[in-house]
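Below: one structure, written as C-alpha coordinates.
Chains here go by letter, A, B, C, D and E, matching the order in which they are written, and residues are numbered from 1 within each.
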Amino acid sequence: MLIGKVTGSLWSTRKDEKLNGITFLIVTVCTDETTHTQRSLVAGDIVGAGLGDLVLVTEGSAARVAASHPDVPLDAMIVGIIDSVDRGN
Amino acid sequence: MLIGKVTGSLWSTRKDEKLNGITFLIVTVCTDETTHTQRSLVAGDIVGAGLGDLVLVTEGSAARVAASHPDVPLDAMIVGIIDSVDRGN
Amino acid sequence: MLIGKVTGSLWSTRKDEKLNGITFLIVTVCTDETTHTQRSLVAGDIVGAGLGDLVLVTEGSAARVAASHPDVPLDAMIVGIIDSVDRGN
Amino acid sequence: MLIGKVTGSLWSTRKDEKLNGITFLIVTVCTDETTHTQRSLVAGDIVGAGLGDLVLVTEGSAARVAASHPDVPLDAMIVGIIDSVDRGN
Amino acid sequence: MLIGKVTGSLWSTRKDEKLNGITFLIVTVCTDETTHTQRSLVAGDIVGAGLGDLVLVTEGSAARVAASHPDVPLDAMIVGIIDSVDRGN
(Lines give C-alpha, C1' and ligand atoms only; values in the text may rest on other atoms or scores of the structure.)
Protein backbone atom coordinates (compact mmCIF):
# COMPACT_ATOMS: atom_id res chain seq x y z
CA MET A 1 0.00 0.00 0.00
CA LEU A 2 0.93 3.68 -0.30
CA ILE A 3 0.90 6.59 2.11
CA GLY A 4 -0.70 9.59 0.42
CA LYS A 5 -2.27 12.96 1.10
CA VAL A 6 -5.69 13.89 -0.31
CA THR A 7 -5.06 16.99 -2.45
CA GLY A 8 -8.28 17.29 -4.45
CA SER A 9 -11.31 15.64 -5.94
CA LEU A 10 -12.73 15.31 -9.42
CA TRP A 11 -16.07 14.96 -11.20
CA SER A 12 -16.86 12.93 -14.28
CA THR A 13 -20.38 12.81 -15.68
CA ARG A 14 -19.58 10.89 -18.85
CA LYS A 15 -18.13 7.76 -17.28
CA ASP A 16 -18.48 3.98 -17.06
CA GLU A 17 -21.79 3.56 -15.24
CA LYS A 18 -20.23 0.85 -13.11
CA LEU A 19 -18.41 3.74 -11.40
CA ASN A 20 -21.64 5.53 -10.46
CA GLY A 21 -21.70 6.48 -6.78
CA ILE A 22 -17.92 6.31 -6.38
CA THR A 23 -16.14 9.36 -4.89
CA PHE A 24 -12.93 10.16 -6.80
CA LEU A 25 -10.21 11.72 -4.67
CA ILE A 26 -6.82 12.94 -5.97
CA VAL A 27 -4.00 11.61 -3.77
CA THR A 28 -0.41 12.82 -3.84
CA VAL A 29 1.83 9.87 -3.02
CA CYS A 30 4.16 10.43 -0.05
CA THR A 31 7.52 8.84 0.75
CA ASP A 32 6.68 9.27 4.40
CA GLU A 33 4.23 11.25 6.48
CA THR A 34 5.81 14.60 5.56
CA THR A 35 7.47 14.17 2.14
CA HIS A 36 5.44 14.37 -1.08
CA THR A 37 6.60 12.69 -4.30
CA GLN A 38 5.86 13.93 -7.82
CA ARG A 39 3.42 11.11 -8.30
CA SER A 40 -0.33 11.51 -7.85
CA LEU A 41 -3.21 9.16 -8.56
CA VAL A 42 -7.00 9.06 -8.40
CA ALA A 43 -8.52 6.67 -5.87
CA GLY A 44 -12.01 5.67 -4.86
CA ASP A 45 -12.89 6.30 -1.22
CA ILE A 46 -14.80 4.07 1.19
CA VAL A 47 -13.71 5.61 4.51
CA GLY A 48 -14.87 9.22 4.07
CA ALA A 49 -11.46 10.85 3.65
CA GLY A 50 -11.25 14.62 3.18
CA LEU A 51 -8.88 17.24 1.79
CA GLY A 52 -5.52 17.14 3.61
CA ASP A 53 -6.06 13.73 5.20
CA LEU A 54 -3.06 11.34 5.31
CA VAL A 55 -4.44 8.11 3.86
CA LEU A 56 -3.59 4.48 3.10
CA VAL A 57 -4.16 3.52 -0.56
CA THR A 58 -4.32 -0.01 -1.96
CA GLU A 59 -3.75 -0.58 -5.70
CA GLY A 60 -4.46 -3.17 -8.40
CA SER A 61 -7.09 -5.87 -8.03
CA ALA A 62 -7.07 -5.24 -4.25
CA ALA A 63 -9.00 -2.02 -4.98
CA ARG A 64 -11.97 -4.06 -6.24
CA VAL A 65 -11.68 -6.32 -3.18
CA ALA A 66 -11.94 -3.18 -1.02
CA ALA A 67 -15.00 -2.09 -3.00
CA SER A 68 -16.51 -5.51 -2.17
CA HIS A 69 -17.65 -5.60 -5.78
CA PRO A 70 -15.81 -7.44 -8.57
CA ASP A 71 -17.34 -5.28 -11.33
CA VAL A 72 -16.20 -1.84 -10.22
CA PRO A 73 -13.34 -0.91 -12.62
CA LEU A 74 -11.18 0.78 -9.96
CA ASP A 75 -7.43 0.21 -9.67
CA ALA A 76 -6.83 2.28 -6.51
CA MET A 77 -8.87 2.69 -3.31
CA ILE A 78 -8.40 4.64 -0.07
CA VAL A 79 -8.76 1.95 2.62
CA GLY A 80 -7.79 3.91 5.72
CA ILE A 81 -7.23 7.34 7.25
CA ILE A 82 -3.86 7.29 9.03
CA ASP A 83 -4.00 8.25 12.72
CA SER A 84 -0.28 8.11 13.46
CA VAL A 85 3.04 6.89 12.18
CA ASP A 86 5.69 5.47 14.56
CA ARG A 87 9.33 5.58 13.47
CA GLY A 88 10.46 3.82 16.65
CA ASN A 89 13.11 6.45 17.55
CA MET B 1 -6.52 5.58 -11.62
CA LEU B 2 -4.61 8.16 -13.64
CA ILE B 3 -5.47 11.62 -14.93
CA GLY B 4 -4.42 11.90 -18.57
CA LYS B 5 -4.91 13.94 -21.72
CA VAL B 6 -5.87 12.31 -25.03
CA THR B 7 -3.03 13.22 -27.43
CA GLY B 8 -3.62 10.89 -30.35
CA SER B 9 -5.02 7.64 -31.65
CA LEU B 10 -3.60 4.65 -33.45
CA TRP B 11 -4.62 1.97 -35.94
CA SER B 12 -3.57 -1.66 -36.01
CA THR B 13 -4.91 -4.00 -38.65
CA ARG B 14 -2.73 -6.99 -37.79
CA LYS B 15 -3.83 -7.48 -34.20
CA ASP B 16 -5.32 -9.98 -31.76
CA GLU B 17 -8.88 -10.39 -33.06
CA LYS B 18 -10.16 -10.20 -29.50
CA LEU B 19 -9.33 -6.48 -29.79
CA ASN B 20 -11.55 -5.97 -32.84
CA GLY B 21 -13.89 -3.01 -32.39
CA ILE B 22 -11.76 -1.38 -29.68
CA THR B 23 -10.75 2.28 -30.16
CA PHE B 24 -7.09 2.84 -29.20
CA LEU B 25 -6.37 6.31 -27.84
CA ILE B 26 -2.91 7.61 -26.87
CA VAL B 27 -3.01 9.24 -23.43
CA THR B 28 -0.28 11.41 -21.94
CA VAL B 29 -0.29 10.87 -18.17
CA CYS B 30 -0.69 14.06 -16.12
CA THR B 31 0.46 14.85 -12.58
CA ASP B 32 -2.54 17.13 -12.31
CA GLU B 33 -4.99 18.82 -14.64
CA THR B 34 -2.33 21.05 -16.19
CA THR B 35 1.02 19.23 -15.86
CA HIS B 36 2.02 16.50 -18.33
CA THR B 37 4.53 13.78 -17.41
CA GLN B 38 6.90 12.06 -19.83
CA ARG B 39 4.82 8.94 -19.64
CA SER B 40 2.21 8.02 -22.22
CA LEU B 41 0.14 4.89 -22.71
CA VAL B 42 -2.45 3.42 -25.06
CA ALA B 43 -5.93 2.87 -23.63
CA GLY B 44 -9.19 1.49 -24.91
CA ASP B 45 -12.13 3.88 -24.79
CA ILE B 46 -15.72 3.21 -23.74
CA VAL B 47 -16.89 6.77 -23.07
CA GLY B 48 -16.28 8.42 -26.44
CA ALA B 49 -13.27 10.56 -25.48
CA GLY B 50 -11.69 12.83 -28.08
CA LEU B 51 -8.41 14.60 -28.76
CA GLY B 52 -7.56 17.03 -25.95
CA ASP B 53 -10.03 15.59 -23.44
CA LEU B 54 -8.86 15.25 -19.81
CA VAL B 55 -9.69 11.64 -18.93
CA LEU B 56 -9.70 9.10 -16.10
CA VAL B 57 -7.77 5.90 -16.97
CA THR B 58 -7.94 2.61 -15.06
CA GLU B 59 -5.12 0.06 -15.45
CA GLY B 60 -4.44 -3.64 -14.97
CA SER B 61 -7.20 -6.23 -14.70
CA ALA B 62 -9.66 -3.39 -13.97
CA ALA B 63 -9.43 -2.49 -17.68
CA ARG B 64 -11.09 -5.80 -18.59
CA VAL B 65 -13.72 -5.23 -15.89
CA ALA B 66 -14.47 -1.87 -17.55
CA ALA B 67 -14.74 -3.60 -20.93
CA SER B 68 -17.30 -5.95 -19.29
CA HIS B 69 -15.53 -8.76 -21.09
CA PRO B 70 -12.93 -11.04 -19.49
CA ASP B 71 -11.35 -11.98 -22.84
CA VAL B 72 -10.36 -8.55 -24.11
CA PRO B 73 -6.56 -8.35 -23.65
CA LEU B 74 -6.54 -4.67 -22.58
CA ASP B 75 -4.46 -3.40 -19.63
CA ALA B 76 -5.69 0.23 -19.70
CA MET B 77 -9.13 1.73 -20.31
CA ILE B 78 -10.53 5.29 -20.35
CA VAL B 79 -13.46 5.10 -17.89
CA GLY B 80 -14.42 8.76 -17.64
CA ILE B 81 -14.11 12.21 -19.16
CA ILE B 82 -13.20 14.65 -16.38
CA ASP B 83 -15.60 17.59 -15.99
CA SER B 84 -13.74 19.42 -13.25
CA VAL B 85 -11.07 19.12 -10.62
CA ASP B 86 -11.45 20.76 -7.17
CA ARG B 87 -8.30 21.55 -5.23
CA GLY B 88 -10.29 22.89 -2.27
CA ASN B 89 -8.45 26.25 -2.09
CA MET C 1 -0.93 -0.74 -23.35
CA LEU C 2 2.50 0.40 -24.52
CA ILE C 3 3.87 1.53 -27.86
CA GLY C 4 7.20 -0.21 -28.50
CA LYS C 5 9.69 -1.07 -31.22
CA VAL C 6 10.91 -4.64 -31.74
CA THR C 7 14.70 -4.45 -31.28
CA GLY C 8 15.68 -8.10 -30.96
CA SER C 9 14.72 -11.62 -30.05
CA LEU C 10 16.01 -14.18 -27.60
CA TRP C 11 16.32 -17.95 -27.19
CA SER C 12 15.98 -19.97 -24.03
CA THR C 13 16.28 -23.74 -24.11
CA ARG C 14 16.19 -24.30 -20.34
CA LYS C 15 12.82 -22.75 -19.60
CA ASP C 16 9.40 -23.44 -18.09
CA GLU C 17 7.88 -25.95 -20.54
CA LYS C 18 4.61 -24.04 -20.39
CA LEU C 19 6.45 -21.44 -22.51
CA ASN C 20 7.30 -23.92 -25.26
CA GLY C 21 6.34 -22.60 -28.69
CA ILE C 22 6.30 -18.96 -27.59
CA THR C 23 8.37 -16.46 -29.62
CA PHE C 24 10.24 -14.03 -27.31
CA LEU C 25 10.78 -10.59 -28.81
CA ILE C 26 12.73 -7.76 -27.15
CA VAL C 27 10.73 -4.51 -27.27
CA THR C 28 12.09 -1.05 -26.51
CA VAL C 29 9.29 1.00 -24.98
CA CYS C 30 8.53 4.25 -26.80
CA THR C 31 7.01 7.49 -25.50
CA ASP C 32 5.57 7.99 -28.95
CA GLU C 33 6.11 6.65 -32.43
CA THR C 34 9.57 8.19 -32.72
CA THR C 35 10.97 8.51 -29.17
CA HIS C 36 12.55 5.52 -27.40
CA THR C 37 12.73 5.30 -23.60
CA GLN C 38 15.46 3.53 -21.62
CA ARG C 39 13.04 0.78 -20.75
CA SER C 40 12.90 -2.51 -22.63
CA LEU C 41 10.97 -5.69 -21.97
CA VAL C 42 10.51 -9.18 -23.39
CA ALA C 43 7.09 -10.00 -24.84
CA GLY C 44 5.46 -13.00 -26.41
CA ASP C 45 4.18 -12.50 -29.95
CA ILE C 46 0.92 -13.68 -31.49
CA VAL C 47 0.75 -11.35 -34.52
CA GLY C 48 4.01 -12.19 -36.30
CA ALA C 49 5.90 -8.98 -35.52
CA GLY C 50 9.43 -8.53 -36.88
CA LEU C 51 12.56 -6.51 -36.15
CA GLY C 52 11.86 -2.77 -36.40
CA ASP C 53 8.07 -3.09 -36.23
CA LEU C 54 6.17 -0.53 -34.11
CA VAL C 55 3.95 -2.68 -31.89
CA LEU C 56 1.21 -2.53 -29.25
CA VAL C 57 2.12 -4.44 -26.06
CA THR C 58 -0.31 -5.47 -23.31
CA GLU C 59 1.05 -6.28 -19.82
CA GLY C 60 0.05 -8.16 -16.67
CA SER C 61 -2.71 -10.78 -16.61
CA ALA C 62 -3.97 -9.40 -19.95
CA ALA C 63 -0.95 -11.09 -21.57
CA ARG C 64 -2.36 -14.51 -20.65
CA VAL C 65 -5.78 -13.44 -21.92
CA ALA C 66 -4.11 -12.58 -25.25
CA ALA C 67 -2.42 -15.99 -25.28
CA SER C 68 -5.92 -17.49 -24.82
CA HIS C 69 -4.34 -19.81 -22.29
CA PRO C 70 -4.46 -19.27 -18.54
CA ASP C 71 -1.37 -21.42 -17.89
CA VAL C 72 1.18 -19.58 -20.00
CA PRO C 73 3.38 -17.66 -17.52
CA LEU C 74 3.73 -14.53 -19.69
CA ASP C 75 3.38 -11.00 -18.31
CA ALA C 76 3.71 -9.12 -21.64
CA MET C 77 2.35 -9.87 -25.12
CA ILE C 78 2.53 -8.10 -28.49
CA VAL C 79 -1.15 -7.80 -29.50
CA GLY C 80 -0.87 -5.61 -32.59
CA ILE C 81 1.43 -4.19 -35.24
CA ILE C 82 0.78 -0.44 -35.46
CA ASP C 83 -0.16 0.81 -38.92
CA SER C 84 -0.35 4.51 -38.14
CA VAL C 85 -0.55 7.05 -35.36
CA ASP C 86 -2.73 10.17 -35.66
CA ARG C 87 -1.83 13.18 -33.55
CA GLY C 88 -4.80 15.16 -34.86
CA ASN C 89 -2.73 18.26 -35.86
CA MET D 1 9.65 -9.78 -4.54
CA LEU D 2 11.48 -6.84 -2.94
CA ILE D 3 14.19 -6.61 -0.31
CA GLY D 4 13.22 -3.92 2.21
CA LYS D 5 13.98 -2.63 5.70
CA VAL D 6 11.21 -2.07 8.26
CA THR D 7 11.43 1.64 9.13
CA GLY D 8 8.17 2.26 10.96
CA SER D 9 4.58 1.29 11.57
CA LEU D 10 1.26 3.06 11.27
CA TRP D 11 -2.19 3.06 12.86
CA SER D 12 -5.52 3.62 11.15
CA THR D 13 -8.75 3.45 13.11
CA ARG D 14 -11.08 4.62 10.33
CA LYS D 15 -10.33 1.90 7.80
CA ASP D 16 -11.90 -0.83 5.69
CA GLU D 17 -13.03 -3.36 8.32
CA LYS D 18 -11.70 -6.16 6.14
CA LEU D 19 -8.26 -4.89 7.26
CA ASN D 20 -9.03 -5.31 10.96
CA GLY D 21 -6.29 -7.24 12.76
CA ILE D 22 -3.66 -6.51 10.12
CA THR D 23 -0.32 -5.01 11.28
CA PHE D 24 0.81 -2.21 8.95
CA LEU D 25 4.58 -1.82 8.68
CA ILE D 26 6.40 0.87 6.68
CA VAL D 27 9.14 -0.69 4.53
CA THR D 28 11.90 1.22 2.75
CA VAL D 29 12.72 -0.63 -0.46
CA CYS D 30 16.39 -1.62 -0.80
CA THR D 31 18.47 -2.22 -3.93
CA ASP D 32 20.47 -4.71 -1.91
CA GLU D 33 21.04 -5.55 1.71
CA THR D 34 22.77 -2.24 2.46
CA THR D 35 21.43 0.32 -0.07
CA HIS D 36 18.09 2.08 0.50
CA THR D 37 16.08 3.53 -2.39
CA GLN D 38 13.79 6.56 -2.18
CA ARG D 39 10.79 4.31 -2.40
CA SER D 40 8.81 3.16 0.62
CA LEU D 41 5.57 1.23 0.93
CA VAL D 42 3.18 -0.06 3.57
CA ALA D 43 2.90 -3.84 3.90
CA GLY D 44 0.92 -6.22 6.03
CA ASP D 45 2.98 -8.59 8.17
CA ILE D 46 2.44 -12.29 8.84
CA VAL D 47 5.93 -13.25 10.09
CA GLY D 48 6.31 -10.91 13.09
CA ALA D 49 8.88 -8.52 11.59
CA GLY D 50 10.19 -5.65 13.71
CA LEU D 51 11.85 -2.26 13.28
CA GLY D 52 15.18 -2.59 11.43
CA ASP D 53 14.52 -6.10 10.11
CA LEU D 54 15.58 -6.85 6.52
CA VAL D 55 12.46 -8.40 4.96
CA LEU D 56 11.12 -10.02 1.81
CA VAL D 57 7.97 -8.28 0.47
CA THR D 58 5.55 -9.71 -2.12
CA GLU D 59 3.25 -7.33 -4.04
CA GLY D 60 0.03 -7.38 -6.04
CA SER D 61 -2.50 -10.21 -5.81
CA ALA D 62 0.22 -12.39 -4.24
CA ALA D 63 -0.24 -10.33 -1.05
CA ARG D 64 -3.78 -11.71 -0.66
CA VAL D 65 -2.47 -15.22 -1.36
CA ALA D 66 0.01 -14.71 1.50
CA ALA D 67 -2.84 -13.53 3.73
CA SER D 68 -4.61 -16.80 2.86
CA HIS D 69 -7.75 -14.71 2.49
CA PRO D 70 -9.11 -13.46 -0.85
CA ASP D 71 -11.06 -10.59 0.75
CA VAL D 72 -8.25 -8.73 2.49
CA PRO D 73 -7.61 -5.62 0.34
CA LEU D 74 -3.80 -5.70 0.73
CA ASP D 75 -1.41 -5.17 -2.18
CA ALA D 76 1.87 -5.80 -0.28
CA MET D 77 2.79 -8.34 2.39
CA ILE D 78 5.98 -9.15 4.31
CA VAL D 79 6.46 -12.89 3.68
CA GLY D 80 9.88 -13.45 5.22
CA ILE D 81 12.59 -12.07 7.49
CA ILE D 82 15.91 -12.32 5.64
CA ASP D 83 18.61 -14.29 7.50
CA SER D 84 21.43 -13.77 5.04
CA VAL D 85 22.28 -12.73 1.51
CA ASP D 86 24.99 -14.50 -0.51
CA ARG D 87 26.66 -12.60 -3.33
CA GLY D 88 28.81 -15.61 -4.25
CA ASN D 89 32.13 -13.66 -4.21
CA MET E 1 9.07 -10.23 -18.99
CA LEU E 2 12.45 -8.87 -17.90
CA ILE E 3 16.01 -9.73 -18.83
CA GLY E 4 18.10 -9.98 -15.66
CA LYS E 5 21.36 -11.31 -14.27
CA VAL E 6 21.47 -13.51 -11.17
CA THR E 7 23.64 -11.60 -8.69
CA GLY E 8 22.97 -13.43 -5.43
CA SER E 9 20.68 -15.55 -3.34
CA LEU E 10 19.04 -15.16 0.04
CA TRP E 11 17.84 -17.26 2.97
CA SER E 12 14.79 -16.72 5.12
CA THR E 13 13.92 -19.14 7.90
CA ARG E 14 11.05 -17.14 9.39
CA LYS E 15 8.80 -16.97 6.36
CA ASP E 16 5.34 -17.78 5.06
CA GLU E 17 5.33 -21.60 5.04
CA LYS E 18 3.67 -21.54 1.64
CA LEU E 19 7.12 -20.46 0.39
CA ASN E 20 8.88 -23.52 1.81
CA GLY E 21 11.07 -25.22 -0.79
CA ILE E 22 11.34 -22.13 -3.00
CA THR E 23 14.84 -20.95 -4.00
CA PHE E 24 15.15 -17.14 -3.75
CA LEU E 25 17.57 -15.61 -6.24
CA ILE E 26 18.49 -11.92 -6.42
CA VAL E 27 18.24 -10.65 -9.99
CA THR E 28 19.62 -7.34 -11.26
CA VAL E 29 17.32 -6.10 -14.03
CA CYS E 30 19.08 -5.43 -17.34
CA THR E 31 18.13 -3.06 -20.16
CA ASP E 32 19.78 -5.49 -22.52
CA GLU E 33 22.19 -8.39 -22.32
CA THR E 34 25.08 -6.20 -21.20
CA THR E 35 23.59 -3.16 -19.41
CA HIS E 36 22.48 -3.38 -15.76
CA THR E 37 19.86 -1.02 -14.31
CA GLN E 38 19.71 0.15 -10.71
CA ARG E 39 16.73 -2.08 -10.11
CA SER E 40 16.98 -5.51 -8.52
CA LEU E 41 14.32 -7.94 -7.38
CA VAL E 42 13.99 -11.33 -5.71
CA ALA E 43 12.55 -14.13 -7.82
CA GLY E 44 11.72 -17.77 -7.31
CA ASP E 45 13.53 -20.20 -9.58
CA ILE E 46 12.15 -23.25 -11.37
CA VAL E 47 14.85 -23.72 -14.03
CA GLY E 48 17.97 -24.12 -11.88
CA ALA E 49 19.60 -20.77 -12.62
CA GLY E 50 22.95 -19.94 -11.05
CA LEU E 51 25.08 -16.93 -10.18
CA GLY E 52 25.91 -14.89 -13.31
CA ASP E 53 23.24 -16.49 -15.50
CA LEU E 54 21.29 -14.18 -17.85
CA VAL E 55 17.65 -15.06 -17.12
CA LEU E 56 14.07 -14.35 -18.19
CA VAL E 57 11.84 -13.21 -15.28
CA THR E 58 8.03 -13.08 -15.30
CA GLU E 59 6.21 -10.86 -12.77
CA GLY E 60 2.80 -10.47 -11.15
CA SER E 61 0.20 -13.24 -11.12
CA ALA E 62 2.14 -14.96 -13.94
CA ALA E 63 4.74 -15.93 -11.30
CA ARG E 64 2.16 -18.16 -9.58
CA VAL E 65 1.16 -19.60 -12.95
CA ALA E 66 4.84 -20.51 -13.49
CA ALA E 67 4.92 -22.12 -10.04
CA SER E 68 1.91 -24.21 -11.15
CA HIS E 69 0.45 -23.50 -7.72
CA PRO E 70 -2.10 -20.77 -7.02
CA ASP E 71 -1.18 -20.56 -3.31
CA VAL E 72 2.51 -19.70 -3.57
CA PRO E 73 2.73 -15.98 -2.69
CA LEU E 74 5.42 -15.16 -5.28
CA ASP E 75 5.27 -12.08 -7.53
CA ALA E 76 8.37 -12.84 -9.65
CA MET E 77 9.73 -16.10 -11.09
CA ILE E 78 12.73 -17.01 -13.25
CA VAL E 79 11.16 -18.90 -16.17
CA GLY E 80 14.15 -19.34 -18.46
CA ILE E 81 17.92 -19.19 -18.77
CA ILE E 82 18.76 -17.10 -21.85
CA ASP E 83 20.96 -18.88 -24.41
CA SER E 84 21.37 -16.00 -26.83
CA VAL E 85 20.03 -12.63 -27.86
CA ASP E 86 19.77 -11.61 -31.53
CA ARG E 87 19.75 -7.91 -32.37
CA GLY E 88 19.34 -8.60 -36.08
CA ASN E 89 22.34 -6.47 -37.17
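By definition in this document, a residue touches a chain if its C-beta (ideal position, glycine included) is under 8 Å from a C-beta of that chain, and two chains touch if they have at least 3 such contacts.
Chain-to-protein mapping (UniProt): A, B, C, D, E = Ethanolamine utilization protein EutN.
Bear in mind that the values here come from a model prediction, so they are computed numbers and not experimental data.
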{"item": "Co-neighbours of chain E and chain D - touch as defined", "value": "none"}
{"item": "Centroid spacing, where centroids are CA-atom means, of chain C and chain D in whole angstrom", "value": "31"}
{"item": "CA centroid of chain C to CA centroid of chain E, Å", "value": "19"}
{"item": "In chain A, residues with contacts to at least two other chains", "value": "60-61, 63"}
{"item": "Traversal of the chain ring from chain D via chain E", "value": "D, E, C, B, A"}
{"item": "Residues of chain B touching chain C in the complex", "value": "7-16, 18-19, 24, 26, 38-43, 51-52, 60-61, 63-64, 70-76"}
{"item": "Complex contacts: residues of chain C adjacent to chain B", "value": "1-3, 31-32, 46-48, 56, 58-63, 65-66, 68, 77, 79-88"}
